[in-house]
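Next come two complexes, and both contain subunit A; in the first it sits with subunit B, in the second with subunit C.
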Partner chain A sequence: MIATLRREPAAALLAGVAAAGLAVLIVYPLGSVLREAVVGEGGFDPEPLTRVLTNPVTRQIVVNTLVMGVLAGTGATLLGFALALTTARVARGRSRTGLHYIAMLPLVAPPFALALSTIFLFGRQGLVTRQLLGLEVSPYGLGGLLFVQVITFSPVAYLIFDALVRQLDPALEEAALNLGASRVRILRTVIVPLLRPGFAGAFLIIFVESLADLANPLLIGGDFNVLASSVYLAIIGEYDTRKAVGFSVVLLMPSLLAFFAQRIWVGEGNVVTVTGKPSTGRVQVFDPAVRVPLLAISVVTAILVLALYAAVVAGAFTKLLGINNTLTLDNFRFVLQGIGTRAMTDTTLLSAMAAPVAALAGLMVAYLVVRTRIPGRVVFDYVLMLGAAAPGIVLGLGILLAFNHPPLLLTGTAAIFVIAFTVRTAPVALRGCTAALMQIDPSLEHASANLGAGAVTTFRRVTLPLVRRAVLSGVIYSFTRNMTTLSTIALLVSPNWRIMTAQILNEIDSQRLGSGAAYSTILIVIVLVTIVLLQRLFGRATIEVAA
Partner chain B sequence: MSFLRLQGLEKRFPNGTVAVDQFDLTVAEGELVALLGPSGCGKTTTLRCIAGFEDPTAGTIELAGRRIDTLPPNRRDATMVFQGYALFPHLSVFENVAYGLRVRRVGGQSLRSRVADALALVGLTGLGERMPQQLSGGQQQRVALARALVLEPKLLLFDEPLSNLDAKLREQMRLEIRNLQRRVGITSVYVTHDQAEAMTLADRIAVMNAGRVAQLGSPREIYDEPADRFVADFVGHANFVDGRVRARDGDRLIVDVLGAVRGVSAAAGHYEPGDTVDVMVRPEAVRVGGAEGLEATVERASFIGNTALYQLSCVGQRLLSTVAMERGVPLHADGAAVRVSVRDEALRAFARPG
Partner chain C sequence: MKLRAGMFVAILLVLGACGGAGDPGAGAPATASAPGAAAQPQGCGPKGSGSLTILGTPQEEYVQGVTKTFEAECGIKMSYVRLSSGEALAKLRADKANPQFSVWWGGPADSFIAANKEGLLEPYVPKGVEKIPAQYRDANGVWTGIYVGALGLAVNTKVLREKNLPEPTSWADLVKPIYKGQISIAHPASSGTSYTMMATQMFLNNKDIEKGFAYMKQFHQNVLQYQKAGAAPARQAGQGEVAIGVVFSHDTVAAIEGGFKDLKVVFPSEGTGYEIGGMALVKGASDPVAAKTFMDWAITAKAQELAPTYKAYQIPTNADAKVSDKSVKLATVKTVTYDFQWAGDNKKVLIDRFSNEVAPQPR
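Right, the complex of A and B next:
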């Protein structure tokens, strides 16, 4: 450490700042949850944990959670794979571009939107199930929950496979073809084995996301209780912190295991490398045995996704979609004349404050890990990743417990939201910046030093311009995610600051589905407008770096 | 006299491998010395130690009478032409070349004229506004050269700068770099694994093997009087045939080799009468087709264009021979019986290890 201080004083200073920040904002909150779970009034007392694991009712909740995670992970991974294969190898031209955007659409909207429109379309009074088909079905329960989660999380798998399939050398497929393999056989013996890291990575990431999902289990889970919603209900409904902490620690374990298993097995390169030359021209188009099922899956998915989004907007502009389809602006009037206007400005302001902080935090840790020789620097990476690995509700609970007493009494302040948003989204900026930094040949920075530039000049004039794109993506991602997250802030809401997702939950809880849809529509519009604006402002100026 | 002096340089990596071992080298002002060796011989590590990208574990580096091994890389005044060029992809050609000047707070007219001069020197006038990725490989190479030269450094470092170019262009750039370096008179260290490149460019060549200097000398010395078997084998092609020492004659040996008793030059080493030695003969020194000489059989004849390559079998030994060809000169057929002769001066003996 002393040697580092002498050789790289700037790096040592950076490391000190990062260590202090991570300790206060991540280690301390999550440590508070763990401490609360095993320390009672009379010292060591793991009663919260034993209660969850021995009581048959709560044990069922644990089983439910794992079943949901595995099924949603499997379903969304397979759907993402099918969609990626279709855009890469079957669809052409405009239909390909269209499908590409539709496949990613669920990324930009709040999770509510899909649960809500599922109720509109396929609910007890659903437009499709009841009005069109005359069926008596209920979407509430595991089935509806999985339906929503698979569609919500499929973009994660889609993006992973899209990047991987693009990297596949078409020459391999041509070689297999040349050796007499059928297209189905090539799929089985060449493509799927080469994409194996993609399957493992996508499944594990979606498993973690599914476990962390709070909105959908609350809205559409019905009697199917899971750990995340149980944490929420223990605090909001029963004011029972120890119970919430017990659920939290049990939820934390499989989440962390799956998350870090994914990082260790799948690694950095396999998932995020998008540097491969785009394979143009020579790409093989599958024969009907592969083509037809893929196209069928993709078309059905595309129609579903579009219908679900249309239903949100339609729900916002009608009295009660499915039952009374009269067009109206009442929902918007209700929202905007109520606390909706404040929620809009509050949420946008807090999200916008946290977004650059998160992106810079990610860049700082990425730089420390990739470019300095600080001993033990990998630890920074793993600790910051906890912000994404821990379920949002657990993180929120930790922040609630950590900052509700002096010296850090932040309950009800803007700071607590900025902290929560930053911790939750900085890990994605970290991954993006790490990948960007690793793609920069170290010889560029060596060349700069060789030409006489110091560490700071090199960073400002060479490194920063080259990772600018990654930092901007980090800002955009953070902002989007902050606007649309519920789980991280669900336990932090107070009358001082109104958060839109929490308001949506209120509306739907109070059976005001129309105003919930209006809120969701506004939220989607804000997110899309901001993304476009940010890209207009900064995107044009970023330099296209040839791969 | 010595402008750059490396003394007892050693680089030991944490995993125990020794990349550079007891390395000594002096380079005179204005001289170009090539570090030549196979991959993994430590030549690039040595260069990176001079530039400051690696910290030597022992030894000192002096440049123009001043120790530089304790200075950070950005204070060494030894600019480098990188293997992959390392042009900043977000900066134009002009800004790439201007980069080091701007760091040194050169601005305005002085900056513009110095960049323009550097670009003119490498023949890139008018391309300043291009981005690096819009240039061909050879042009990128020239930008890298201009970027290093514009600072008028004390020392210029080249890290296999031509390895990404195709063969024709490589030969052309070799001569250009040679002429430029002579014209500017800048002291240079040039790392390469390509012996033709080293021969063309260098005043002296340090042949490296396993982290040490195997031989330091002019291209002619390295080729004609290799210090050991490694150098003989690595630089150019070499036949090794068995010989038996009869006697010592000053710094020459009297050896039974290729069916005759001959006086040959010998590499440093210990020789006793009766010892078996390896005797080197370059393929071009094996003459084929005279009326006199040893009997040999052509096992395989290959026509290369300006030369012919013969694989011969001669008094139980295998010999390669290259013979200059031109239109009308006949090629001996496979299986032909020929006469082979070798001048004594073309032979060099090496002691067998152990």
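Right, the complex of A and C next:
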């Protein structure tokens, strides 16, 4: 360390800042959760953990959580795969572009939006199920939950497969074709095996996301209790921190395991690099045996996604969609004359404050890991990644436990939200910046140093311009994610700062679905407008990376 | 793209229209309070720091309306958070070291008694309390009643007709298998409404907890799903998702006013439970002066008469306050003898038992 200090003083300073930041903002909060779980009044006492694992009621919650994660992971991965194959090999021209955007649309859905419209369309009094088909189905429970999660998380799989399918060399398929293989057989023996890392990666990422999902289990889970909602209810309903940490630690384990398994397995390979290599051969269009089912799945999905979005907007502009379809602005009036206006400005302000901080934190750690030779630098990477690996509700609980008392009494301040948003979104900036830095030949920086520029000047004049795009996409990702996250901030709400997603939860708790839809519509518009504006300002590529 | 832009313009128009409509109302208090303390409107006490944060438990329109009116009348800047009783109690517990709220306003008094047991409240007897009958307030000034409400069933007559089900008239009817999946109620841990219902079953069985729980277990078999907010089941019944919601009758009246015309209120024939909506000063309140000014104001007849304006049809506790025609006439409804002290003292035990023994039962 001392040798490093002498050789790279700037790097050592940076490492010091990063170490302090990570220790206070990530290690301390998550450590607080772990400590509370195993330390009782009389010393070591893992009672919260044993209670969760031995009580039959809570054990069922653990089982439910894992079942949900595995099924949602499988379903969303397969759907994303089908959509990616369709855009790459079946759809053409405008329909391809249209499907591409529709496939990614659920990314901008705030929590609740899709569950809310599922209730509007497929609920007990749903427009489609009850009014149109006369069926009586209840969406509350595992079925409805999976329906919403598969649609919500399918873009994650879609983006992974979209990138991978484009990288597939059509020459391989052509070779198989020439050897007499059928299209179905090519799909089975050539394409699917080549995409195997994609399946593993997508499944694991979605498994983690599904476990961390708080909004959908609360709204549409019915009696199907899962760990994330149990943590939430233990705090919000009882403020029983021992109970909450018990659920949290049990939830943390499979999440971390799956997350880091994914990283080790798939590694940095999921970052798309531009090779500049011209694509050889003709892109193959499938024959009907493959094309028809793929098209059917894609068309049904596209219609569903569009209908769900339309239902949110329709729900916002009607008295009560399905019961009383009179057009009205009452919902918007209630939202905007109430807390809504403040929630809009507060949430946008806090999200915008945290976004650059998150991107710079990601850049700082990426730089430390890729460009310096600080011993043990890879630890920085892993610790910051915990922000994305830990479920949002666990992170939020840690922040609540850590900063609810002196020396760092932050509850009720803006700082606590900025911390939560930053920790949650910096890992994505870290990945983007790491990939960008690895693509830049260090000789550029060496040249600058040889010409007499100091480390700071080199970073500012050479490195920073080259990673600018990655940093920008980190900012955009962070902003949109901050606007739409619920799980991370659900336990931190206070009268001083209003968060839109928390207000939506509040509306839906009181069964004011119309106001919930109005809030969701406003949130979707803010996110879309931001993306479109930034797209205009910085070009399309930035957004693609961010998404 | 065009469509997206069109939607954006539409939203802007909506925002503009609503903002415009809201402005005159929002502007008024600012001018009213501009002259400062010298021009303080009649009936308002000292302003303290000039701002106040309250924890409100009744339905949101009511909390929002009351805080807005108080802000306009007394020039104290208000902010609020609405939480159901159980959540409010949990929040006070969480914030104990650093209280975020000065007043807890509304929700059944049982929760105030439970909060006081945990040392979360500070006694304060509001000025003019003699207008509130003694049975509607705590003798030691820990909490003061601001309204009274009775439990009732929110019955969707259209759903019952469609399903060929008879109208339920009693608590005993609610455990009949014909209503399986047709009843909605909140979870008593989060909702004071739901806890009032559970305590009512105990009182109907002369505080025999075993018999009370035997009923709750049967009742559980018919519940579709436990909601979080107490009034939510009225709207759920209104939307036809279930036939029956167990709520306070004023919440059903509000839902009918809000457009759920198929609903009607039914009071169970064995006798129904009721609530006294409490109000209390939070211990360690950051602004006790403004808090007391608000509490003095909140028990006045004038303040309580505001309630129906915000679709809150509880019965006012102030003897001088006019009662809305839409409020239930308590004298005409058969009620149980509701022991608030007992309900408050036993709240934690009963809810733990419900959470462990009743809610997880398969059905």
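Note that the second predicted complex is superposed on the first by the 516 of 547 C-alpha atoms of A that agree within 3 Å, B and C clash if a C-alpha of one lies under 4 Å from a C-alpha of the other, contacts with A are read in each partner's own complex, and residues count from 1 in each chain.
Following the convention adopted for this analysis, a contact is a pair of C-beta atoms (placed from the backbone, for glycine too) under 8 Å apart; a residue touches a chain by one contact, two chains touch by 3 or more.
These numbers were taken from a predicted model, which means no experiment stands behind them.
Chemist: Mind working out whether A:A453 is in touch with subunit B, subunit C, both or neither, as first, second, both or neither?
Modeler: After superposing on A, A:A453 lies in contact with subunit B but is clear of subunit C.
Chemist: With both complexes superposed on chain A, which partner does A:L327 reach: first (subunit B), second (subunit C), both or neither?
Modeler: A:L327: touches no partner chain.
Chemist: Tell me the contact category for A:D223 with respect to subunit B and subunit C: first, second, both or neither.
Modeler: Touch status of A:D223: second partner only.
Chemist: Under the stated touch criterion, name the partner, subunit B or subunit C, that contacts more residues in subunit A.
Modeler: Touching more of subunit A: C.
Chemist: Which partner does A:S443 reach: the first (subunit B), the second (subunit C), both, or neither?
Modeler: First partner only, subunit B.
Chemist: Between subunit B (first) and subunit C (second), which, if any, makes contact with A:R461: first, second, both or neither?
Modeler: first
Chemist: Provide the residue numbers of subunit A that touch subunit C in the complex, in ascending order.
Modeler: 57, 60, 123-125, 138, 140, 222-223, 233, 235-239, 313, 319-320, 322-324, 329, 332-334, 336-339, 341, 400, 404-405, 409, 411-412, 493-496, 506, 509-513, 521-522, 525, 528-529, 532
Chemist: In the complex of these two chains, what residues of subunit B are touching subunit A?
Modeler: 51-53, 72-76, 78-80, 82-84, 86, 88-90, 99-100, 103-104, 133, 147-148, 151
Chemist: Where on subunit C is subunit A touching in the complex?
Modeler: 4, 7-8, 11, 14-15, 17-19, 21-22, 25, 53, 59-61, 64, 79-82, 84, 86-87, 90-91, 93-95, 97-98, 100-101, 181, 187, 189-190, 224-229, 231-236, 238-242, 259-260, 356, 360
Chemist: What part of subunit A is in contact with subunit B in the complex they form?
Modeler: 441, 443-444, 446-454, 457, 461-462, 465-466, 543, 545-546
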